[in-house]
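In what follows, a single structure is set out as structure tokens and then discussed.
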Amino acid sequence: MGLELFNTMILLLLVVAAIVALRVKDLLTASVVFAVYSFLMCLLWAEMGAVDVAFTEATVGAGISTVVMVATILNLKRKSSD
Amino acid sequence: MMENAIAWILIFPLFGSVACAILRMGKRKICYPVAVLSMVGALWGGIETLMQVVASEEYTVSYIFGGWTLDSYPRGVGIEFHADILSILITLVVLGVGLIVALYSKLPVMEETPGKESIFYTLFLLQVTGLAGICLTGDAFNLYVLIEVAALTGYGLIAMGSKRAAAATFNYVILGTIGASLYLLGVGYIYIKTGTLNMVGIHDVIEANNLADSATMQVAFILVVVGILIKMAFFPFHAWLPNAYCNAPTVTSSLLAPLVTKVMIYVMIRMLLSVFGVDFSFELTLWTDFMPWLVVVAIVCAAVMALAQREIKRMLAYLIVAEVGYMVGGVWIYNYYGMIGSIFHVISDACMTLCLFLGAGLILRKAKTTHFDGLRGLFSKMPLTMTGFFIGGFSIIGLPPTCGFFSKWYLITGGMVSQRWEYLVVLMFSTMVMVVLFFRLIERIHLAVSESGENLGHGHGDLGLTEEQTRFDEGPLSMLIPLILAASVVLIVGIYNQDVVNLIKIFLAEFNLPKGVDY
Amino acid sequence: MKKISLIPVLVVGVLLLYAADDFPEWGNPTAPASASSLSSHFISNTGVDTEVPNMVTAVLADYRGFDTMFETVVVFIAGMAVLAILKGSSGPFSKNKKYTSSIEPDLIVTNTVRLLVPVIQIFSFYVLAHGHVSPGGGFQGGVVMGASFIMIALSWDLETALVRFPLDKCFLVAALGIILYGGIGLLSMFLGGEFLDYAELANILPVSREMARYHAMLGVEIGVGLTVTAIMFALYANLSTEGKLKGGL
Amino acid sequence: MFEDGTIFNELFIERLNYIIYVILLLIGLHGMIAKNNLIKKLIGMSIFQTAIILFYVSVGVKEGATIPIYLPEHDPHGSHVTNLEENSSSEESHGPVALDADLVKGYANPLPHVLMLTAIVVGVATLGLALALCQKIYQGYGTIEEDELLTKIERQEMRSNPSVAIKSMDSSKMTTVKLEKSVSKPKVSSSPSTQRPNAKLKAEAKTDSSTTKVKTSRVKSVSSKTKPMASKSTTTGSRASKSTTTGSRKSSAKPNTAASQSRTKAKPKPKAKPKASAQKTTASKLKSRTPKK
Amino acid sequence: MSAPEAIIVEDIRPLIAFVAPLVGVFGIAWAGEKRKNLRETFTFLVAIIQASAVLSMIPILMSGKIIEFHIWQVFTHVPLLLRVDGFGLLFACVASVLWIATTLYAIGYMRGLHEHAQTRFYSFFAISLSATMGVAFSSNLLTIYFFYEMLSVSTFPLVTHMQDKEARTGGRTYLGYLLFTSLCLLLPALSWCYVWLDEGNVAMDFLADTGKVGAFGQSTQIILLCLFTFGFAKAGIMPLHSWLPGAMVAPTPVSALLHAVAVVKVGVFCVIRVYADIFGLEVLQNMDGEDWMIAIACATILISSLIALSQDNLKRRLAFSTIGQLGYVVLGATLATEQGVGGSVLHVAMHACGKITLFFCAGAIFVASGKKYVSELRGLGRKMPITMGAFMIGSLSVIGLPPLGGFISKWYLALGALDRDAVWVVVVLLLSSLLNVFYLLPVAVTAFFRTEEKENDTGFKEAPLGNME
């Protein structure tokens, strides 16, 4: 039952992370939560057997896009209206 | 060398663009000739492939990348370029328009995006590679990747303009991504049921265990078609097109306007006919009932909005939305002649729109504005440009010798034969609107009457302009010759329309579309 | 306005759920996708065709190599487009703050980074070269290499990173990556096969046709790695400084 | 790995992946459409794309299958080959043999994984480009909120129009006296070639042709779509989007240059019979334009 | 006209007649404002080449042969074919001969008034004449549609030559009517025939496919007949006639040649072609709703003559009289009898010559004295005897006095009406001739004290310019 629970837990966490990433006001926290979302996704795929995709998502998806997003946000306003 | 001509179509612009990128460091001036040469090379590849397609007995050239030939490996192992008549015709249109715009782009690129010529040409050539690839590919997922290539280069080319262009491009990015992702999801749904990605393979699996009535395939069909409609700027999803094409640099709008929407219509036709099959897409789903009505709404709204515009490029943008409505209508009235009309309209509309946008670019350059008020006296000032521009205009209206007339002719025949009176009525209405649009423009240019109707000159042809303004000064030759070339292409396609239509008929022979003519 | 946009979202949702229950059961091997001739061919014949243990890399670089070439082109386009948009762009609200390094690089960070970066770069070479056997390959290796340069830029400032990898060189390297990838394809075409048919390289390499594919794949992965490294770093450099390449985070 | 629990468990847990993917997709789509902040839209876009990738990956899952990399016993260069180093030239051992059917069940389906590698990279490329766009928008307009952006664009286009509209309004009142066309140089509608000096500035200042409100991407709601406001007001100097020349463009000065330019009175060059009964500043008056033709 | 099975002769001359003006346009444009006289000689040269090409075809036709020339294969089954038969040649002769007269006249007129943009004027004039030739020689419905559109577009710059407010309104009504009716009424009718007849591969040839329209049901035939009649708006049938007075804004040579001879006659020519060669007389006769058409034609004649009475502006009066005369021609066609159609064909020629003289005189008066209104012409006869004399002869011919041409065609029209035993039509003919008298003669009477009788059938005068004071 262990893996089953692990799988379901990640899926639910994913949904929570997605909702939080969109609702939180401060953009920096939003991008960090989005990084968490990406890493959760990468964990899920690794567990599902897609190791290459997980590795790519970890590096390209979570790594670079978060860095780039944070770089952009620091050049713009941090506060988001909604 | 000859047998992989189809690969050369993509290799030339790809390596041309990379060469332009490398030359970024070196001299700026060399990018323009590199771009033109690679376009010429691609066009040679295209013509060569057309010869091969016409020569081959079942009128298709299939070319598998990576050497996974069909005889020793199952179909779909390697990515296959499946060029039949329709795809090679549209590819030639793409490459021809690309070449003409490449020739045209010498001066406007230097003026409007100074210092970024090499980047511009890199993105320009990659855009043409993407579009040509879309027309040729026979693999569903590869089509998604190429759509993304074309889309990303399009975003880059448009956003190079002003900051207003950046705001418009953002809208385009969001919509484009939604469209492309829905298509990707649709391909995923197809894959989950059929297990293969090769278009011919998918068709065979659907035929084999007639998946047509399975829920997944229905949803896959909806996703794919809606995704493509979004990318095509069909009416409810067209919001990005006017802003994007009006604020973009001249050369970008001259390249994107004629090609992007037309290529996506080709993709829709390919999906409906070759992948899902005629009876799946037209018989089972009830799209054929409500789609023509959607087209009616699309054309009417687009035409009315075009009437409300006060600026040439914005008016032309709304005209493109209306023309997309024509083509989608031609496809969805589910009729042999309607399909011929729609395919021929893809070709003729690309030529017409190219002619108009090149003319608008020249007007903008010479009269400093494309606003209706600034155009007075242009006939005497730039006669060649105006004739070129209005040949495109007459072709959109559908006056006989031009290609627009023949595509409208087949669409009307299709509408009549399939008893789709609403489509016919809307064709007539929009022709009227286009007559008003273009002759209002001629009036503005020709007559010395202000909008509120009082005379500007002293009558007898005095346009109320200084002598210096009506002095004859045409645009630069490097921009004028492509315009004249485009205008003559409009006429040539019109005159030799029968050869093109016969080719289309050969393509449509294998799909038993109803002729609807019960004599 | 938010409520109105809920309608299309719900419509799409209902549509997708309606199809969801018609999917084949989760993970059963007889589902059409898994049991199709295509995927079973990949699983059974990758060893025979290309002698590459990692099927994903084999399919990525060889069977569907054309896709990956255009994927590299997409990365290249992203870099060029960002450059096109941000080059020389300035507006009333642009933060052209002069880079006054109020805080000079922190001691601990710089030292750990100085130790870490070579390790990271070796790891990225490992990931790239070993893509055939273990998960990894061109993209992942390239990103890790790019990340190492970004780390330098983060810890010191962008200038020091640009000293090691100037932006013009970035785009040259990126272009070279694609030329390498396309070049191998062209070479195999000139040797008589289709475009990207690596087996033909056996005519010039002293190895069997399968091993020629094996080595060609490595070459292709290197091409992808080059492009991705350069573009990731260029992306960061441009985005963090609005194209003026001064300042940065 | 999954033991067969109750039917509910079977149905719900088995399908959980697909249900979660649909939920994520909806969150992403809603985020993209409804969110006001541009960066939030981008986050929504990334969620939308990762959801699709989740769907593809869960398609390729096989029960009880390992990752799609050959286990040592099927490894083409594996242990059963006598010498262990990579490019063992002597391939005389029986070499890699194609796996038979039941062995194929042991490995996950590699194809979706390959497709998703591409999709991830495309997603990042789009994200990078969109972030660059956000920066350029912020540089130009100072805001990344959708509604503020639209109002700013609207205002800028109006700023370049109203001075013209008002000016042309009273100019048309002044020139109501039709007959006596005193001014030798009649109203130059808009190709102000005579105003050579500031034409360049004007050309450079005008960035946009006519006001069309950038329609918020209320795309999906087919029926209740808010039609883009067809541009009623017009601008005269609708130069093509002149990219910013390298010289720093005083865009903040743009609004008043347009206004001042249209108020400057170009001296009417007297031609043969200057019957200027009332001194009309018509030369640079932009032609009268009633808003609705 | 469905002539007996004549031998078809392949000949280049119809093409010369069509292409000569187009080639001339380049010469005119090249000569341009700087070399005025060279430009004028070019126009003349082209006019003469065209007239000679047309006139040289008469002997061939007399010997019963029909000339054909294939230009371009538009659709696989529909060629763009020029065919010269009796009716077409008659119209072509009238148009080309009168073009020479108009050119002569236009030179005096344009230079007299120091008109602007004369190069554009002459070049578009030549293009519209080549389009007229095209219509005259077209062999099937599609060809006639091509040249009909070409004529509409090429005459627009001529109508809006003055480039002022009136030109705008005139141009708008002109083009609005012509393009709307051709695209909205004509194109559907055209494509309807081409789609449904013979499984879509009918060529709608005037010789071969006469009467094929009979295959449709009665109601479809009537709808098609209405679409065609009102589609060819150039024929100026009543509800769609107001573009003609609107086009009087144009300079007089334009209104002279185009609105008396070329544009208007093209409309009527097409109507007759459709009635006689597409529907064919038998189909028309047993089409029950057909006599409504006669009613419309008669209404056109009567109403336009009444309006002409009230018009003070000379050119507008002539415009309305043209509408009336066209009504005669359409009437002849709708009578669907051999004699009626013959009469209308004759009237095309006779009215052309008569009306063009009237327009010449109106132009001459305007050039010489700047007068436009009939009331101002009092006592002008003494100063300009030749002009007013020509006016007198022209109006007599239009009215239809026995020795002059107008009478012959009206006579046949009456015979045609009698064949159809529609006596009320004859009454309408007489009544309208009376009305013609009332609105044409007063013009001459006010100008003259005494009327002159001069035997001159076509009232063809050399340009009255020579003797202007």
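A few remarks follow.
By written order: A, B, C, D and E. Residues from 1 in each chain.
To be clear about the criterion, a contact is a pair of C-beta atoms (placed from the backbone, for glycine too) under 8 Å apart; a residue touches a chain by one contact, two chains touch by 3 or more.
Small disclaimer: the values here were computed from a predicted structure and weren't measured.
Among the remaining chains, those touching chain A and also chain B are C, D. Using the contact threshold fixed earlier, the set of chains in contact with both chain A and chain E is empty. Minimum number of contact steps separating chain D from chain E: 2.
Chain pairs A-C and A-D differ in how many C-beta pairs are in contact, and the one with more is A-D. Set against the C-alpha centre of chain E, every other chain centre is closer than that of A. In whole angstrom, the spacing between the mean C-alpha positions of chain C and chain D is 24. Between the Cα centres of chain B and chain C there is a gap of 31 Å.
Chain B and chain E have Cα centroids separated by 43 Å.
Chain centres here are Cα averages; for chain C and chain E they lie 73 Å apart. Among the residues of chain E, none is found touching two or more other chains. For chain C, residues touching at least two other chains, in rising order: 16, 21, 23, 33-34, 38-39, 42, 54, 56, 60, 64, 67, 71, 74, 77-78, 81, 85, 88-89, 91, 135, 139, 235, 239, 242.
Chain contacts: chain D has residues 2, 17, 25, 29-30, 58-62, 65, 67-69, 111-113, 117-118, 121-122, 124-126, 128-129, 131-136, 138-141, 218-220, 222, 244, 246 touching two or more partner chains.
Chain pairs that touch one another, listed by label: A-C, A-D, B-C, B-D, B-E, C-D. Residues 25, 29, 32, 38, 41, 45, 48-49, 52, 55-56, 59, 111-112, 115, 118-119, 122, 125-126, 129-130, 132-134, 136-137, 139-141, 149, 153, 156, 172, 175, 178, 181, 185-194, 199, 203, 207-210, 212, 214-215, 217-220, 222, 225, 227-228, 230-232, 234-246, 286-290, 293 of chain D touch chain B in their complex.
Listing the residues of chain A that touch chain D in their complex gives 1, 3-4, 7-8, 11-12, 14-15, 18-19, 21-22, 27, 30-31, 34, 37-38, 41, 44-45, 48-53, 56-57, 60-61, 64-65, 68-69, 72-73, 75-77, 80-82. Those residues of chain C that touch chain A in the complex are listed here as 54, 56-57, 60, 95, 135-137, 139-140, 143-144, 146-147, 150, 232, 235-236, 239-242, 248-249. Residues 1-2, 4-13, 16-17, 20-21, 23, 25-29, 33-34, 38-40, 42-48, 51-56, 58-60, 64, 67-68, 71, 74-75, 77-79, 81-82, 85-86, 88-94, 133-135, 139, 207-208, 210-211, 235, 238-239, 242 of chain C are the ones touching chain D in the complex. For chain C in complex with chain B, the residues that touch the partner chain are 15-16, 18-19, 21-24, 31-39, 41-42, 62-67, 70-71, 73-74, 76-78, 80-81, 83-85, 87-89, 91, 168, 171-172, 174-175, 178-179, 182, 186, 188-189, 193-200.
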